[in-house]
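The same chain A turns up in both complexes below, where it pairs with chain B and then with chain C.
So, the complex of A and B:
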C-alpha cells in the first residue's frame, strides 16, 4: 500500500528541517519549530490512544504531570533519574486512568478524562508544599537554555514519537487496535487482549505527552499550573490530529505545522488577546468541509489524479487500436 | 455559631443549585436527544450574561426583562448554529462531534475577548427582592431571584417534556431515534428543538449569572465544567438527575469552601473528583441508563 520511500518521508523531513533551522540559527524560526514539534508529539500521542477507540480530553494531565515530575524529582535524585521518573510516573498515571475509565464509553470517557486533567490542576494548587501551588515551579532548564540544542532534543523526541506511531500502525498492532475501536466484543472473542492493548496504548500515549510536557517546562525553566494543565493542551492534540488526519503518522505532523503557522499569522494580525479565534474558525470549517482532515483531502486528490491518468492511458490505448 | 455557618452555607448552596440545575438541564436535554455534548453550552450562558448586562447598563432594561430577551436571542443563535453546522456533524464520528462544539466554544470566547476585553464586569443593579432573614441566616435578595428563576426554568422544562405533544416526541426521539423515524417523527426537527430549548435556558441562566456573579468571557467555562459534573452525577440525558446532581454538587462545593481550610481555592476541582468517583462506580452516572453512552 505504501512504498518504503513515502514511509521514510516524515523522518527525512524532520531531520532536514531540524538541521536546517539549527544551521540558520534564527531565534524566531527555532522557537516556532519547537512549538510545532511539541504540539506534534502530543497530537501523535493522542492519535495513538484514539486508535483503540479512546477519545481523550485528558492530555493536559500528562503534559502537566511530566513537567511537574521533572521539577519535583530533579533536586532529589538528579537530572538523569528525574527523566526516568517522568517516564515511570506518567506510565503509572496512564495505567491508573486507563483502568478507571476502562468501562466508560464515548462521551462518558471524554468527560472523565477531562475531569482527570482538571482535578490534577486542583491537586497542584491544594498541595503547595510539594508543588509551589499556583505560584509555579522551576523544572531544570533544557540543554542549558541553548535554543538550538533544545530544538535538537525535542526533534529527537518527535522522531521517537513518529517511529512509535509507525510501529503501532504496522501489521502487528494495527488490526488489533482498530478492531478494539470498532468491535470490542468481537476483538475479545477473537482472542485480542483488549484490556492489555487499551492500557498499553494509554501508557505509550501518556509517556509521550509527559516527556513533551517535561521538555516544555524546561524551555524557560519555569511553569505555573495554568500554563501546563490548561484545557488547551487537551484540545490542541485532538484538534491537530483531526485536522491533519487521524490514524496516520503524517496527519498530526501536517496538522501541527498548519495550525501553528496560522496561530502566528493570527497573533500578528489580531494581537495577544483573542487570536485563538482562528482555532475556533478553522476547527468549524474543517469539521464541515473536510472531516477526514488534510490527509483525507490529499488522498482524495491522489485518487482523482490516479483515475485521471488511468483514464488517459485507456484513452490512448483506444486511440492506438483505432 | 457552627450551626449558623452550616445553615448559611447550605442555603446559599441551594440558591446556586437553582442556577446550576437550569444550566445542566439544558445541556443534558441536548445530549439526551442528539447524543452530542455541547461544549459551547457555557458560551451561550456567557453571551446571555453579557446581553443582560449591556441591556441594563446602556438602555436601563430591567434585569428580569433583559434575561428574557437574552433567552430569546440565544434561542435564535442556537437555531443559526444548529442549521448552520451542527446538523451536519450529527452523523460524523464522535471525535468530530466533540471537536465541533469545542471549536464553537473557542470561537465565541475569543470573539467576546476581542469585543469586550477579558476583564470581569459587575452589573450594578439594585437587588430585585429584599433579603430574606431566617433566624440568624440572611439570604441576599438576588440569590432568592436566582433560586426562583432557576426552579421556574427547570420546572418549565419538565412540564414541557411531560405534558406537551412536542415534549413527547422529544422523548421518543431521545429513547429510540429509529423508532421515531418509523413513527413518522421528523427527527432532525426534534434535534433542532432540543438545541432551541437548550439555548433559551442558557440565555436566561446567563441573566442569572449577571445577577449574582460577574460578567466575563470565560465565565461560561467555569459554569459548564460544573454542569458536566452535575450531568455525570445525574446521568447524561436525565433531566430529573440534573436537579439532584446540582443540589449535591452545590452543597459539596459550599461545604468545602466553608469548612476546609483554603477550600475556596479548590473551585471546580471538587466537581471533578466527584465526576471521576461517580463514573468509576457507576459508568452511566447515578441515574443514567445504559441506552446511550
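So, the complex of A and C:
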C-alpha cells in the first residue's frame, strides 16, 4: 500500500525543517516552529488515543501535569530524574483516568476527561505549598534558554511521537485498535485484551502530551495554571488532528502547520483578540467541509490525478491501436 | 454419548468424539429480576455439530454470550475441555479454544479482509499446527471463499461476504469449538447453501461446532444433535429427528397449530 519513501517523508521533513531553521536562526521562525512542534506532538498523541475510540477532551490535564511535575521534582531529585518523573506521573495519571472512564462511551468519555482536566487546574490552586498556587511555578529552563537548542530538543520529541504513531499504525496495532473502536466485543472475541490495549493507548498518549507540556513549561521557565491547564490545550489537539486527517501520522503534522499558519495570518490581518473568532470559524468550516481533513483532500486529489493519467494512457493506447 | 442415535447426514468428523468439549452446569443468567437462563445444564459433544434452537427470547443468544464470556454469570459453571472458564474474560476464553461469530458483524470499514484476519492471528495466541490448511490469513480467506477479496476494504463487502468474513475471523482464532450465531440469517437460499457447505468444511477440519439457527432445513441437514431451549430452560436434546418430532418441542417452537 504505502511505499517506504512516503513513510520516511515526515521524518525527513521534520529533520530538514529543524536543521534549516536552526541554521537560519531567525527568532520569529524558530518560535513559530516550536509552537507547531509542540501542538503537533499533542495532536499525534490525541490521535493515537482516538484510534481506540477514546475521544478525549482532557489533553490539558496531561499537558499541565507534565510541566508541573518537571517543576516540582527538579529541585528534589535533579533534572534527569525529574524528566523520568514526568513520564511516570503521566503514565500513572493516564492509567487512573483510563480505568475510571473505561466503560464510558463517546460523549460521556469526552465530558469525563474534560472534567478531569478542569479539576486538575483546581487541584493546583488548592495546594499552593506544592504548586505555587495561582501564582505559578518555575520549571527548569529548557536548553539554558537557547531557542535553537530548544527547537532541536522539541524536534527530537516530535520525531519520537511520529515514530510511535507510525508503529501504532502498523499491522500489530492498527487493526486491533480500530476493532476496539468499532466494536469492542468483536475485538475481545478475536483474542484482544481490550482493557489492556485501551490503557496502553492512554499511557502512550498521556506521556507524550506530558512531555510536550514539560517542554512548553521549560521554554520560559515559568508556568501558571491558567496557561497550561486551559481548555485550549484540550481542544487544540482534537482540532488539529481532525483538520489534518485522523488515523494518520502525516495528518496531525499538516494540521499543526496549517493551524499555526492560519493563526499567524489571522493575528496579523485582524489583530487583537478578534482574530480568534475568525480562526475558530475557519476551523469549523474545515471540519464540516472536509471530514477527512487535509489528508483526505490530498488523497482525493491524488485519486483524481491518477484517474486522469490512467484515462490519458488508455487514450494513448487506443490511438496507438488505431 | 448416544452415538448410534445421531446418524447426521454429514460425514463423521476426522477426530473421534471424545466426550464433552463444553459443559454447562446449572447455568443461571439474569438481567435485573428477569432470568434469561434458569438453571440450564447441557453438554456439547466434541467432534459434533450441535444445533441450538428455540423460539425468540428462549435464551439461545444469552447462552452463547455467556459461555463466550461476555455476560456475567449469576450461578452455575461453564467448563471447556473440562477446565472451569466461568467468569473468564472473552479474550481468555478465545485463548482457551472457543471462538464465536456475531450475527451482525460490525467490522471497521477502513480495514481490509487481510487486516481483520490478522487480529485473531496475532492476538488469539493459539497453536495453529492442528489446522494445517488454515495457517495464515490468505489460507483462511481462501478457505472461506474470500480469496479474491483479500485486499478489499470491509466497507465494500456484501452482506454474504461479511458473514463469510465473520466465520473466517472466528476460524483465525484456531478454535476447538466454534459457536455460530445465526450465520445464515438474511441470506438468499443460494448463499445459505454455500455457507452451509463452508460450515461442513470447517467441521471436517476437526472443529466442533454449535449453530444457532431458525431454519429447520439447516438444522436437519447439518446437525448431529439438537439442543432446544425454551423460556431460559432446557426443553429437549437429542438427535434432530427425535427432537423435532417431540410434541413439547413442536408446541414451543413451531406453535400449537403445527404441533397438531
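Following the convention adopted for this analysis, the second predicted complex is superposed on the first by the 320 of 322 C-alpha atoms of A that agree within 3 Å, B and C clash if a C-alpha of one lies under 4 Å from a C-alpha of the other, contacts with A are read in each partner's own complex, and residues count from 1 in each chain.
Simple rule for what comes next: a residue touches a chain if its C-beta (ideal position, glycine included) is under 8 Å from a C-beta of that chain, and two chains touch if they have at least 3 such contacts.
Since the structure is predicted, the reported quantities are computational estimates derived from the model, not experimental observations.
When both complexes are superposed on chain A, chain B and chain C sit side by side without a clash. Touched residues of chain A were counted for both chain B and chain C, and B has more of them.
Of the two partner chains placed by the overlay, only chain C lies in contact with A:192; chain B stays clear of it. In the overlay built on the shared chain, the residue A:121 is in contact with chain B alone; chain C does not reach it. Of the two partner chains placed by superposition, A:137 touches none, neither chain B nor chain C. In the superposed model, A:181 lies in contact with chain C only, and not with chain B.
When the two complexes are overlaid on their common chain A, residue A:279 makes contact with chain B while staying clear of chain C.
When the two complexes are laid over each other on chain A, the CA centres of chain B and chain C sit 80 degrees apart as seen from the CA centre of chain A, to the nearest 10. Of the two partner chains placed by the overlay, only chain B lies in contact with A:235; chain C stays clear of it. In the composite built from the two structures, the nearest CA pair linking chain B and chain C is 13 Å apart. Only residues 171-172, 174-176, 178-179, 181-183, 185-194, 247 of chain A touch chain C when the two sit together in their complex. By the touch criterion stated above, chain B contacts chain A in their complex at residues 31, 35, 37, 85, 88-89, 92-96, 98-100, 102-111, 113-114, 117-118, 221, 225, 228-229, 231-232, 236, 262, 265-273, 275-276, 279-280, 283-285, 293.
For chain C in complex with chain A, the touching residues are 68-70, 89-91, 94-95, 99-100, 102, 105-108, 110-111, 115-116, 118-120, 122-126, 169-170, 172-173.
Only residues 50, 55, 57, 100-101, 103-108, 110-112, 114-116, 118-119, 121-123, 125-126, 134, 231, 235, 238-239, 242, 246, 270, 273-277, 279-284, 287-288, 291 of chain A touch chain B when the two sit together in their complex.
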